[in-house]
Amino acid sequence: MLVTHALIYLLLAPFIGGLVAGIDRKVTARMQGRAGPPLLQPFYDVGKLFEKENLVVTASQNVYALSYLVFMMVSGALFFAGGDLLLVIFAFTLSHIFLVLGAYASCSPYSFIGAERELLQIIAYEPMIIISAVGMYMVTRSFFVAEIAASSVPIILYLPGVFLGFLTVLTIKLRKSPFDLSTSHHAHQEIVKGVTTEFTGSNLGKIEIAHWYENVFLLGFIFLFFSFSIPVAVAAIIIVYLLEILVDNTFSRVTWQFTLRSAWIVAGMLGLVNLAVLYYLSGGFLV
Amino acid sequence: MTYLKRSPWILHYDASSCNGCDIEVLACLTPLYDVERFGIVNCGNPKHADVFVVTGGINEQNKAVIRNLYDQIPDPKVVVAVGICATSGGVFRECYNISGGIDTAIPVDVYVPGCAARPESIIDGIVQSLGILEEKRAKMLGRKRTKTAGTEGR
Amino acid sequence: MSRKIVVPFGPQHPVLPEPIHLDLMLEDERVVEAIPSIGYIHRGLELLVAKREYPEYVYIAERTCGICSFIHGMTYCQGIEQIMDVDVPPRALYLRTIWSEYSRLHSHLLWLGLFADAMGFENLFMNAWRLREQVLDVLEETTGGRVIQGSCKIGGVRRDIPQENLAGMAADLSPFEHELGELGTVFLKDDSVNSRLVGVGHLSRDDAYTLGAMGPVARGSGVAIDIRKTGYAAYRDLRFEPATETAGDCYARCAVRVKELFSSVDLIRQAIDRMPEGEIEVKVKGNPEGEYFSRAEQPRGELVHYVKGDGSKHLVRSRIRTPTLTNIPPLVKMLQGCELADVPIIVLSIDPCIGCMER
Amino acid sequence: MKKIEDQVTTVISIASLIGRVEAFRKGAYRLVQMNCSKIGEQFEINYSFEKDYRFENIRIIITPDTEVPSITGMYWGAFVYENEMHDLYGVQVKGINIDFQGNFIRTSIPYPFRDPSYKGEGPCQGK
């Protein structure tokens, strides 16, 4: 049963992810007073990338791009198979490390700076994701996604602070303004395309697909907060994503110092305070 | 079915233009003209680009830059010369530092006339270049096929 | 991690459509030194005076820059007219003023868009350029050209704007001003924009003056120089005050430009109100003999066209000193010690126009 | 026609240049521009200053191989003009604060404005 979940994720996530990206671009264009691209544009883009020549600076770039994709798929599949949340987070981080290594391998100044910023971003969002996992453990007494999802407890009511903190780092993960530091889907960027600058053709296509897998995984993570009721969870996911698009369109990019600071302060204030309160309450309960 | 025609990403370079054509290229991206309707994105990175849009004439300094950028674009690729300066040097063709249109440095596929070229004609030029892009891809595939066929024969 | 790396900024860079090249010496992400080098779009067009007769050279002068082309053409014509003692009809002067101010609107909106883009605020970029199209529509309607107008000639202007169209233009200004207000508010009040601008790229009043900063760069540092105050074209009849700010950072320069948008709208209104009747050009006979430093206020600052004639059809020398050139030394000062992430913003805050600068 | 502004040009000797510029600097003038023109076989170099919209210009007339002292000691920002004069005309300027050694404006031929050359106008099509 759970293996089928993982298989369904592996098969469907690119389609859902691509569609979400298409809706994203369309909604963004409408917010900017434009007609915007066709809904299926992201698929055309990736299809095209696989039709293009694959230029690489070093052959190792191919390996890194593929590893990024594979580990992203593994972490998503583990997640949807109901695996251990900590292992999922580990695989998720590892996949980004491959992306960073790929960017370092190309020796170009822009991708070098992009890679450094990507690392800083990982440092910025990692605590919050772990806090989310710990919070879920505290509520459901389990690190296993299957058990968290099966629990009928409305997790969100116990973890409102953690949820808000997670939304903040979600902006980083979705590569949206104000935290689109290391690479961006928009054209203009202080460091050209950052980490993806030196990837071309099919490698870039793989990175794009990995990003779709990643987005579906992250939306799945939001689902966990609302797993007590599927309609509420779906509504929450849609609202959260639209909110992210709105934020993307109403903020300018910030500096990496600010990103690090705000991600940590938010994680510390909202996440840890939330956990402390929860610990106190549940401690009182249990004793 | 080919995706190339549906998702051309452009790289824009100002060779020695007066800015007139440059800002018209940028104006194409903005709400009134909105070329993202056709999937056209200004990507600003040669390694991701399919269509190389150049404005202004060639001079001795940017010849190398343009060749370099052109070489960095993965195949298949097309070059669109926007504006009369990019076509022939325009009013500046007699300047000592201008050696002529873009075709003196790299092969050009589509010429867009005008001083400054209007956004409508720039879009038209880019859309025309997509047909050429498609032909180039077919040729590239053909070459690959004959190559593999050749190895199998041996 | 305190390894020094040199990051080339440009010539092909997505933030700037034009090739400026800076070698940035970085320590981590802090800029230690910035060395500009130019020449990628140098054409040598000043030399064309020897190939083109002086009335034809207007076309070359206009094509120095595609953003402020009208003001370039006008400043050149003004120089020749001053040498030859041409009495330009007042209606032509007023029309020139109107077109100059529309050029300023279009240039400032263009800049605001690019500036927003440098901050990664794509939505604002789109909206600034959407507004800019309205200005371009007016320019196209009245001159026939969107960015290169070709409507100025020695002795006057080429086209008249009929009185009823002027009334229509004046009526359109109010809704336009309202939209400008909304756009300006975002630039001046939005927290995320402010966090990128306030205190970034500081230039003191003294530095601004002695390093030769002009236009919004100088006015943003509290130096109230505006060449329109010398009273060329119809500016001597119109009321306006140079917009100034005192902070000297990127925010101040941005605020100056936002204020100037409104002052331009006001100037256009005044010019339409006072538009005199009459001819729009006079015949110019003979050849220029003498020299003149013709100055005008471009959107970016003071523009100087130095023209010198020796009584023949061809000028001896035309020299174009553009505001960007004079704003380069202040830029070098501003860049020292800034963050890499702020470089595009600081470079853009002087509104560089490389096409003009290198000629 | 009404003159827009009075423009005074004083021709001075190269020896008194530094003194005059110093006086402008002390008088809180700003440097408007510097430019070089080739008139006959000689170079005219203009230094324009302004204070409160009063425009003043001083000029030195030199032979092409005369060495000109730099004024960057008084006006730091003058290096752009001095490098430009050097790159376009080949005027030797002594003691610039940021000397690009001829790499400020990269041109295809050295000192192009010294002996101007043009790409000949080819015959028009059909002619």
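In this document, chain identifiers A, B, C and D correspond to the written order of the chains, with residue numbering beginning at 1 in each.
Methods note: contacts are C-beta pairs under 8 Å (C-beta built on N, C-alpha and C of every residue); 3 or more make two chains touch, one makes a residue touch a chain.
Not measured: the values here are computed from a predicted model.
Enquirer: By the contact definition above, name the pair with the higher C-beta contact count: A-C or B-C.
Expert: Counting C-beta pairs in contact for A-C and B-C gives the edge to B-C.
Enquirer: Nearest whole angstrom, what separates the Cα centre of chain A from the Cα centre of chain C?
Expert: Comparing mean C-alpha positions, chain C is 43 Å from chain A.
Enquirer: Roughly how far is chain B from chain C, centre to centre by C-alpha average, rounded to an integer in Å?
Expert: 29
Enquirer: Between chain C and chain D, what distance separates the C-alpha centroids? Give it in angstrom.
Expert: A distance of 23 Å separates the two centres.
Enquirer: In angstrom, rounded to a whole number, how far apart do the mean CA points of chain A and chain D lie?
Expert: Averaging C-alpha atoms per chain gives centres 58 Å apart.
Enquirer: What are the residues of chain D that contact at least two other chains?
Expert: Within chain D, residues 106-107, 112, 116, 118, 121 contact more than one other chain.
Enquirer: At least two partner chains per residue is the criterion; list those residues in chain A.
Expert: Correct list: 32-34, 187-189, 192.
Enquirer: Going by the touch rule set out above, which residues of chain B reach two or more other chains?
Expert: Correct list: 30-31, 42-45, 59, 61, 94-98.
Enquirer: Return all touching chain pairs.
Expert: Every pair of chains meeting the touch criterion: A-B, A-C, B-C, B-D, C-D.
Enquirer: Quick one: which bits of chain C touch chain D in the complex? Just the residue numbers, please.
Expert: Within the complex, chain C contacts chain D at residues 35, 37-40, 42, 44, 46-48, 50-51, 78, 81-82, 85-88, 209-212, 225, 227, 229-232, 291-293, 295, 302, 304, 306, 308, 316-317, 319, 321, 325-326, 328-330, 332, 358.
Enquirer: Which stretch or stretches of chain D touch chain C in the complex?
Expert: 1, 3-5, 7, 9, 28, 30-33, 35, 37-39, 46, 48, 53, 55, 57, 75-81, 84, 98, 100, 103-107, 112-113, 116, 118, 121
Enquirer: Touching chain B in the complex: which residues of chain C?
Expert: Checking each residue of chain C against chain B gives 11-14, 17-19, 39-45, 47-48, 51, 59-60, 63-67, 69, 110, 113, 125-127, 129-130, 132-133, 136, 145-148, 353, 355-356.
Enquirer: Within their complex, state which residues of chain A touch chain C.
Expert: Checking each residue of chain A against chain C gives 28, 31-34, 109, 112-113, 177-178, 180, 184, 186-192, 249-256, 258.
Enquirer: Which positions of chain A touch chain B when the two form their complex?
Expert: Result: residues 25, 29, 32-38, 41, 43-48, 51-55, 187-189, 192-193, 196-201, 204 of chain A touch chain B.
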